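The structure's right below; bear with me while I get my questions together.
Letters A, B, C and D mark the chains in the order given here, with residues in each chain numbered from 1 onward.
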Amino acid sequence: MDINKINGLIAAPFTPMYENGSLNTGMIKNYAGKLKNDGVSGVFVCGTTGEGMLMTLDERKEVAEAWIEEQTSYFRVIVHVGTTSYKQSCELAAHAQDKGAFATGTMGPLFLRPSRTEELVGFCSEIASAAPDIPFYYYHIPSISGIKLPMTEFLSQAAKKIPNLAGVKFTDNDFMDMLECIRLDDGKWNILHGYDELLLAGLSFGVKGAVGSTYNFMAQLYYKLINCFEKGDIDGARNYQAMSIKVINILVKYGGAIVSGKALMKSVGIECGPVRLPLKNPDKTMYDKFIEEIKNTGVIF
Amino acid sequence: MDINKINGLIAAPFTPMYENGSLNTGMIKNYAGKLKNDGVSGVFVCGTTGEGMLMTLDERKEVAEAWIEEQTSYFRVIVHVGTTSYKQSCELAAHAQDKGAFATGTMGPLFLRPSRTEELVGFCSEIASAAPDIPFYYYHIPSISGIKLPMTEFLSQAAKKIPNLAGVKFTDNDFMDMLECIRLDDGKWNILHGYDELLLAGLSFGVKGAVGSTYNFMAQLYYKLINCFEKGDIDGARNYQAMSIKVINILVKYGGAIVSGKALMKSVGIECGPVRLPLKNPDKTMYDKFIEEIKNTGVIF
Amino acid sequence: MDINKINGLIAAPFTPMYENGSLNTGMIKNYAGKLKNDGVSGVFVCGTTGEGMLMTLDERKEVAEAWIEEQTSYFRVIVHVGTTSYKQSCELAAHAQDKGAFATGTMGPLFLRPSRTEELVGFCSEIASAAPDIPFYYYHIPSISGIKLPMTEFLSQAAKKIPNLAGVKFTDNDFMDMLECIRLDDGKWNILHGYDELLLAGLSFGVKGAVGSTYNFMAQLYYKLINCFEKGDIDGARNYQAMSIKVINILVKYGGAIVSGKALMKSVGIECGPVRLPLKNPDKTMYDKFIEEIKNTGVIF
Amino acid sequence: MDINKINGLIAAPFTPMYENGSLNTGMIKNYAGKLKNDGVSGVFVCGTTGEGMLMTLDERKEVAEAWIEEQTSYFRVIVHVGTTSYKQSCELAAHAQDKGAFATGTMGPLFLRPSRTEELVGFCSEIASAAPDIPFYYYHIPSISGIKLPMTEFLSQAAKKIPNLAGVKFTDNDFMDMLECIRLDDGKWNILHGYDELLLAGLSFGVKGAVGSTYNFMAQLYYKLINCFEKGDIDGARNYQAMSIKVINILVKYGGAIVSGKALMKSVGIECGPVRLPLKNPDKTMYDKFIEEIKNTGVIF
């Protein structure tokens, strides 16, 4: 099996829903079109931003299929298959491979969280083996999963048990661990940086790809950041990072990146509808204030 | 609807599995028989001890049905329907009601955990309304769910939104909050104590019912504790509590109450088989040392 | 050396200060008189409630001396000598012994906190040996010190290194650990319960003495609780506990037990003045609302 | 008052002690000489690495004086005056100014930690005003102090209350907050980066100065890193960062940067002696293994 690394910006798409909460997968064609226009190199679907675990398995399959429809060799689909049960995750992983996804990924188990690396490897190994012909990514996101184990150790142990291991979606600010992962085994592993607000730090530590929710609506800003960085214009890159942080602070203030990010999509032409329980949608007044503040930054529109 | 409180000891049963990891629901008849013999007043199925979220929805339904088969007016079944998705939980709740369960319960959402009581109430309300004709319990277990909100506040708010609210399975050592819950609204709510090792503290604060994993194999010891307590013999009750703690310390030492507790069931005549990923079964050497230490306590056998 | 256990209620006194923040040790004579009238069996001075570490060493010595002046065989003084530096603590401990204190105690080091029991024992051993002729108590309070090590293990190890070890002031809700401490070495150790709001749970687990801040102003209520408990009237004891919790909830609401508790002392005849930085005194409006709410409980005045 | 920023690498020196634990300030002249030779631009004395709060106030003054003796316009001394008591800290701050230190700094109070920015500002304001003629730095180090408040907010509020505010020693990996601090008020504040292992990330986010413990023995490596960065050779900078991380991993493995770092100083010609309680010195066997591993890296000697 040939595992190709993904580089560039990968969006973690919101899952479009109708006002009544049911899926609106018909919107995904346009959504993918917008992302492709923005130069985004792929999507990580049904993850945290995509409200993955708030959906049923059937819904997740439907969403995955709709994105895979839009897949090209320049726009690849990683399907997040994380659930609390490895059996359910295996079902989703097999489906993803069957439908032609580029890769699968899973966060660690939220229920009865492992405290030792070998337990985490055991869990991931089972899931990765259910989609053995496509790459597998571990989704490291301690702030959501509560699992804070060193990824250097994870990669070292998992390399022996997971033949299709591709790398880690690294959503943590332990850059020391991240640098070691990037350099491990002569740079063999695909380390995808997961904090949009710290992309510049990631680049300086050597990441080549990143997954994030704000790449849904301001990928072009981040590509400018990357261009500056690659030309050696760190000051310029820092300016773009500061602009992204200005927006992210507003997202956080209005309910977090999922709730307010999803609401924002309408303004860039992709109506994504409401979020699901236990998340809470902003009311009209709050929404208007939020959009006003975003406008005032001048970053997006 | 008439909501009766459950009193006495309620077991949180392990889910019997074959060596290959598939369900062994055929064992549940004997299991229920043993618990009834021990005077246990009910079961809380597919919860933490029962590895609920490690199973598929179909498996959970199968397990729930098998326990409901054994239900009597003295041995009642509460079905834990917690998942990360309220839709999945509603499916399980509707099934439980349909099959005749006494009640449903759910822990808070593990994915995108609410930080405010109203969000938690919103989530629970949706699930409770899917089994509207039977009582609903919120399962408060911050050490697993990561949701640490005051239950006094939860009950006050939920009382207005959840007509079939029965109470809380309270697995936390915030006895101050617990006492207030017990006394709230003139003692209306059914507060089930969730820490076997602290049952005596719970009794002194006024609980009348308790749910736990060690009631699977040493309920008789706890009934002696309760008898002493009710007679005013606190010293005697404390001795029994100390014996229970001696056993629990060994369970913790050998992998925790689920892993080692499930292994222990064989010794009391109910073979429950292995635990599931991400949990890890003890090897033979460890198992033998574990059983030896349990034997040396003289508490169980 | 003969180590006598302290039983009954021990107040953790507030440190009286003038409006300008300087010490008002002249108030301590009356303060001790009030506590003696209430049947309090001693004081734990310069601890958390006493703002111990917010004072200079000279101030702490002055406060300790003033309390030792009031010491009798029925009203004994434990001096908290905890600082971030064992050298400073040794100085305070030697002073306490020299002036005739009944005992010393220290919480674990707040700076560069130990993560292993042997390190904590090493730190305490050095301090205990600076006041070798009087008993030494370890002050276990993870919520303040951040040191959460099992006390059963601490006592077992410290017994071999600290000849004058008397026991533990146990301010944590791990009652499982507490019960084991109480029963360790045939009940040799003096375990002083530190959560006023959970006194009933402590009694049911076997504590005979307790240290707390609300014993400063409602000791009589807690003695009624204890009387009920000893007569086997658990319902009665629970009612008194519920009354104490009602008051404590208000203290918490208005800035916490130190800030609002200290403000409350004026109403029971002992003006204790303001708290020190980094604590923040309530303004007049807040203070009035606070006293109003306390009055409405009918518990204290 | 003219507040000059400090740039470049600032060492957080270990405090030299004799085998019996008493101070060996006679060593400081040589120590300063070595640091000056390495191009280090100053020292942050009696901080975390310097075991500041493990010393008495008199000891801290002695250490501060010895370093101030070595001060030049290219080698400046910031004296950490943090204690649990603002009164003690004021005494140290006044002393530092009196003896001619360049600046003072304090971490937040470890005892009764503030949870709101205004309380922290109040505490710092009092201390800064005790050395009003020299700059004041807040020492942000949540992993030690337990105080995790946003520094952007701290600077905004403190700017109005602390006339001699110079900036923040920022020892946290919240680079989003750090970037905002750097850019706040047109770059007015001196933000000193505190994680040696993440220096490259700090540089990319715009820091010009850094304080750390490994600048005591491998400053030259970090200056090479900085040179590469400034020339736009990010790959080169990353290589040096990876070398630093290799060493830091070994320090962590052998007891942490203070314990093992202090032991290491002997090998670079500055015997610093043992650490103090509650820290624990490595035994001979462990020390030898540690030095062997450091040697094998080839980074230092």
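By definition in this document, a contact is a pair of C-beta atoms (placed from the backbone, for glycine too) under 8 Å apart; a residue touches a chain by one contact, two chains touch by 3 or more.
This structure is a prediction, so every number in the text was calculated from the model and none was measured.
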item: Interface residue overlap between copies chain C and chain D, same or different (over half shared); value: same
item: Whole-Å gap between the CA centroids of chain B and chain C; value: 36
item: Inter-centroid spacing, chain C versus chain A (mean Cα positions, whole Å); value: 50
item: Residues within chain C bordering two or more other chains; value: none
item: Topology of the chain contact graph, where touching chains are joined (line, ring, star, complete, other); value: ring
item: Which pairs of chains touch, using the document's own definition; value: A-B, A-D, B-C, C-D
item: In the complex, chain D residues that touch chain C; value: 48, 51-56, 59, 83-88, 91, 108-114, 118-120, 122-123, 126, 144, 146, 258, 276-280
item: In the complex with chain C, residue positions of chain B that touch it; value: 173-176, 179-180, 183, 197-198, 200-201, 203-206, 229, 232, 234, 237-238, 241-242, 245, 248
